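The following blocks contain the structures, represented as structure tokens.
Each of the next two complexes has chain A plus one other chain: chain B in the first, chain C in the second.
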Partner chain A sequence: MGEANGHSKTNGHSYVGTRQIRPDGVDKVTGRARFGADYNLPGQLIGRVLRSPHPHARIISIDTSKAEALPGVKAVITRDDFADQPSEFIPAGEMMMNYKDVVRNVMAREKALYEGHAVAAVAATSVAIARRALKLIDVKYEVLPHVIDVVEAMKPGAPLLHDDLFTVGVEPKPEKPSNIAKRVEIKQGDVEAGFKKADVVIEREFKTAPVHQGYIEPHAALATVSEDGATELWTTTQGHFIVRAHCARLLGLDMGKVRVTATEIGGGFGGKTVVYLEPLAIALSRKAKRPVKMVMSREEVFKASGPTSGATVRVKMGATKDGKFVAAFAELKYQAGAFQGSPVQPGTMCAYAPYDIENVHVIGYDVVSNRPKVAAYRAPGAPIAEYAVESVVDEIAKKLGLDPIELRMMNAAREGTKAAYGPKFGPIGLEETLNAIKKTEHWNTPLRKWQGRGVASGFWFNIGGETSVSLTVNEDGTISLMAGTPDIGGLRAALTSVAADELGVPYDKVRPIIGDTGSLGFNFLTGGSRSAFSGSMAIVEAAKQIKADLCARACKLWEAKPDQVEFSGGYVKPLGALAEKVKPMSIADFAKVSGKTGGPIGGVGRINAQGAGPSFGTHLVDLEVDPETGRATILRYTVAQDAGRALHPAYVEGQFQGGAVQGIGWALNEEYIYGSDGKLQNAGFLDYRMPVASDVPMIDAILVEVGNPRHPYGVRGVGETPIVPPLGAIANAMENATGIRFTELPMSPPKVLKALKEKGLNKA
Partner chain B sequence: MARVVLVGNLAQVTGGVAEFHLPATSVQELFRKLGELHPALAPHLETGVAVAIDGQIFQDALLEPIGTDSEVFLLPQIAGGSGGQVLQSDISRRAAPRQAGENVGM
Partner chain C sequence: MAKHHIEATVNGDVVEFLCETEETLLDVLRDTLNLTGSKEGCASGDCGACSVMLDGRLVCSCLVLGCEVSGRKIETIEGMAKGESLHPLQKRFLEAAALQCGICTPGFLVASKALLEKSPNPTEHEVRYWLAGNLCRCTGYDKIITAVMDTAATMRKG
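Up next, the complex of A and B:
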């Protein structure tokens, strides 16, 4: 792991770069930690949602009178309980969104646009009564033709989801509506001229299936609204400040009256950056005047919460005979689900980001169809585009007889490379990850028949954003740390390490908590690989305030001038001649006299963190194909990624490993399967096959640390990049094992077996 | 003067002009000058772009300085932005909401 590979040095810090025990770990392994569904309030009601059985239907009428008359039913809500919203795009969560669509997604208005679309909700005194009430709601539908596939949805004459959706990004503006919400484009150089210089040109079309984020904890929310409108909400989310904003907007509430607490979260991966149950629970509670608890079933999670896009991608790349990439084209068609807003834009920007290519042209289409609206999923849009590109890169290496790592090295983006999406990169570590992989024993280990090895690289931008934290010195000198971004991947441990080092106190004397929306200033959500990056910058700011305050108090106590004191190692120390008169004072010493020296001691960090450094990674995978069943087994997997500086190496490695495992599922098994009736056929973990522990080997993680000069500790975000390379790496390993280039994901056993049979290869 | 490049679909709003040389000392000043040159660009600058200054990407950073010889790229928003901020400004109704048809696919 990281230390074995010579990384994770402490560089003079006591805790940053070491593997401290997670402050929230004990509660999580003993079951004491409280997740979304663990919260209850006295007198609470149970909320349940009525969902559309049709993939596409006009809602003629909704009669709730029988349900409302059922004893035990305290509230019923429908579209009539939500004011319509204007069409307005805002950046929210990890993708752009439009409130006109959000209000329709949380509760269908004119039409139900996918199977599972919420149509009504009830709050009752028991689950049984709530279920009975749902059956008493009479919804009259006019069933409409549906469309599921992205290519079918783009065709003229396809069933139209929105009659006011006109493709943007094309000239002249279309006169007729369509399912193509927008066309986006990234272009530099002259692609046609570039292809003329190429000695080898490879063009392929790829298809990927939509996959769910697969968080183990379903969506859950508990809301209570008092008579004066004061609203409290407990929910499992990646961003409780964002939830507050969305709910306030959708329900016409003042933000100051809405207090949202983020519960512990059992995974999100981007899928918990939007609202589903939260506005419904508040609306029901407001109507019933009692607390309302709502929890999704796994079937509801699959049918009604966002997966990521499925897509069709065409890639064309040209290279000279010595391996220099001279031109690259791609066309991306991404499913958005029922409402516009797929991650096709970042897909276009990421597709060729790992490479230094003079001539690049990428076109993307955002396409609606009768599926649940997509939500962000780790590096939204990038894995799909980079899977297709990395597959073609591998084919170029094979055609030119070049080592695939050497080919990537030859074309790798470096500091000063102009990215395909415009600006020049600062210090980046792609080359270092390629070198690290090439040096592994894994890369140099021979393979047997039916075994294959694949390599692929990947990129994600990373972001910063608005962040508030506080550090409070308690009366006994211990430190309370409050952050406002939910802790998904070890945030508390990382921030505690930084606070302990900045203040020179023991790690276990700093206790971190995640504050609610009433306790801190605005925090953007945990996403975009930002929370440890931004949070640690804010902690440094808060600690600076404490250190300055203590020095000022020392000057007053010692009747000294500012240049006669300094803060170091957890003490304010007298300098020069003053050192002979007074003794250094620790933070605990100041805590004892805080009242006599000016009052409570603390600092707040309120920043809009800029300077996020992009992260590149390279993955190496070995697999073995069973020619009798078509099943691929992952034998060995190594991840090398640039973390800038790993605040907590074990959790950085955990991010690498988790991304690799999710990518394995995406590549080999996971897919939404629809029947011809437009209904999802595998809305459960028995039929939607995600990797479990026994499916994967231990993922080896190599920490590459090319420091980010814009961060005080050199940190880069690490959470998203690890899911980008696996799809391409596994596809390349499959080709290496079978000689067949699979261009459709997932490469599930039936598809692999079919391909082997077609080539007459299905015998060991 | 800073070299300013519009990436992606933004140039559709400027009639295909994708590169400018402007004497701006901050992102705010740059946005103002671009908005004066191309009024249709202004609403997109308010909510829909990230700014890369000499290779470093900034989001929601109106006060970030721009050097005399800086190279500035205006990019689509990258996985982020501030829902809270937009909502607060929406409550104050700073401007007419952008309509779907006015979006250039950023």
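Up next, the complex of A and C:
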């Protein structure tokens, strides 16, 4: 049987690598597409959450009797509706989670640990009644001292969030509990010896503010539980199989009885990999025996769903006078929020991943404080650590009088480099991205006074993981494609191109959907830049089954041997002498006779995708600082990143551009601002100021393609790396524009203005 | 408290509905008239996902009360395509991959159409400032701005 692997990396494709119209597109430009809050069921109730007004308080009692007595209230739930969970860590994407904490985060138990922490929830026949009911719930709190800042939280005597939290990763085991959940460390070579060889050593401390993923669609869930326990849930999530697992665990349900449908998702960026409303909606529906719909307000999204960590990071790097990095040390202190589990581990691993350095030592601390529990945010942990490192790399270049691209090139990780976090890299594209940036007209354009240019590189691992897809040949020969990883940014277009090429059928004859948890085998979530990588691998597998099956059917029909037929270009073709007797049969031809040749035709790809290739990127930015206001305006921006192979170049560019602009927000404006009362002061889009169209220029995207040898098409994940370099690139540009090294993010106008004034650079 | 009885025109159709005083036009569109194409991202007029035209003027429907629209003309994303043919902006957004998750797309399309009706030959600067009230977190705006500029050029050619 020929051409079983009709997926050579460089040619022979009709659709892969082209910019097809996304199959779900028309619904999205006409308002038809149904997102989380767009689902409704007959007889549904409205669910609302009562949230703690205190950043830290013991919950003495919760009296719900008055709320329950209010006409129209059908269910009230509190901590008493959730069984406690044992402490046990399980992998959750790129981070770890513990159900003991999850059950406490979805509904406060002993204490409320941050402003906005859920304390109770109601389901009522109208929004107005639900709101009134919340006011009738009487919660008695004992307000406790709180701590917000990570460094403060680490001090002895700081208010303790959990009296059973003993730092893991230090010897001997501490006798006293603290807010430091964990110490992690990676080590390679001997940094002390390395620093002795250095001609130049630079050490700096950096601070970054927590930032929110900022998806435009708030969390939403609609649940219905019948008398026999059958549960259906519609929710906006990056992983409906994961939601099913969490809800089943938290509520003691059989997974088989829980069917979760992922609605269209209005952005996630990692923030929709965990559960908030879902278990509450199911618990309320189970009590009320009616469907319950819950939608967060924007304020709730900010106060009660995961931002990523703010951090304090110390970086020390040494280089020889010709620019070779010889030693690198870093200490990362990451906020986890109210429960342990910041992305400090990936932060330690990513910090120096772009460089080939013999001696590396990175220490990380995972620190709890009275803030919402962090959730994954695009390359979790990496932007913070790499921002600090890329800032110091730039300082070294300045000090040695070297070109910052040349310095990076000299030290760049390449094929065969052993990363400090363990593995040896295969083919990777960091040098190619540096070269691509160097060749741009952008790099070679002169700047004026108050303008600065910055460059920085970045790295992210990417993951594979468990993936199920199905391809079904319909009676008329069209193809139904089902994937189980929610499509956030064009996944269906990419997978459809792959399926069409594999089966040799027109793109518009393949119709993709995202199947629910009852329709497919397990799928890990859309995260870790894995969905196009793993999904396309699984499609290749499913298509292989179809092609083999059709060849076998042809052998039966033609009374031929397997070596007398081959699948190519959408047909099973007779070979040799057989070609004179019978005509090739298309997939549609087989569909017509499926009943007579063995029944329904289809393939299922069930894989645990391995071999995710890391993606490196380099960003180049020009900005201009207004010395009177301190405002930095991005003038020009270029991204070069290794995509391995871009299945759909436009959506890959979109990832680069979107990540860059999120990074611009992180660098220049976005931050969680707390008052001394421990309350968030900017829980809205007006005051939590994300970039708008007038803040940014066009973002030039350069696709570098260094094929991943472990993927049939050479694909690497692309979604996360783009948010890694912007922070460092912009800080470096600020330094070049003002002569000031900013070591605190965001570099917002008040901060910049203050620094300019201190240096006497401000004329106003 | 009695609900208000309101009569208005939505996408050319006369509609009647009852609404509470505090219900917004967005609530009415989504929950009462089942027009869920307009999205709620913030309920405070900061994200533009609920953009609609009210008597020919671009507004955030979350900042208008349902009982304010009596006798007035409302156009939403659901009325943008005419019969089987998409509006040139809708077509261009698809061709240019000017959406990723798509939650902000209805708002951007309604706002962009309003711009091109007012200003058929906008500069990039004008497009960026006109659309500054619409938040997109996925695209970095690049492909959206390009799609609007390209559509304007196509529409000028007729």
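For the reader, a short list of remarks on this structure follows.
Note that the second predicted complex is superposed on the first by the 751 of 764 C-alpha atoms of A that agree within 3 Å, B and C clash if a C-alpha of one lies under 4 Å from a C-alpha of the other, contacts with A are read in each partner's own complex, and residues count from 1 in each chain.
Methods note: a residue touches a chain if its C-beta (ideal position, glycine included) is under 8 Å from a C-beta of that chain, and two chains touch if they have at least 3 such contacts.
Computed from a prediction, not measured in an experiment: that's the story for all the values here.
Once chain A of one complex is fitted onto chain A of the other, the partner contacts of A:Ala376 are limited to chain B, with no touch recorded for chain C.
Contact with chain B, but none with chain C, is seen for A:Ser87 once the two complexes are overlaid on the shared chain.
Once the two complexes are laid over each other on the shared chain, residue contacts for A:Phe522 go to chain B alone; chain C is not touched.
When the two complexes are overlaid on their common chain A, residue A:Val661 makes contact with chain C while staying clear of chain B.
Judged by the touch definition given at the top, the superposed model places A:Gly684 against chain C, while chain B stays out of reach. Touch criterion not met for A:Asp476: it reaches neither chain B nor chain C. When the two structures are aligned on the shared chain, A:Met349 is found in touch with chain B, with no touch to chain C.
Contacts of chain A with chain B, set against its contacts with chain C after fitting on chain A, share not one residue. In the complex of the two chains, the chain C residues touching chain A come out as 20, 30, 35-44, 46-47, 49, 76-78, 80-81, 86, 90, 93-97, 99-106, 109, 124, 127-129, 131-146. Residue ranges of chain B in contact with chain A, taken from their complex: 5, 7-9, 12, 47-48, 52, 54-61, 64, 71, 73, 75-88, 90, 97-101, 103-106.
Chain contact summary for the complex, chain A toward chain B: residues 86-96, 98, 100, 164-166, 168-169, 171, 173, 182-186, 241-242, 244-246, 248-249, 255, 345-346, 348-349, 366, 376, 380, 421-426, 461, 463-466, 522, 524, 527-528, 530, 608, 610-612, 710, 720.
On the chain A side of its complex with chain C, the touching residues are 19, 21-22, 24-26, 28-35, 37-38, 128, 213-218, 264-269, 295, 297-298, 488-490, 648, 650-651, 653-654, 657-662, 684-686, 690-696, 698-699, 701.
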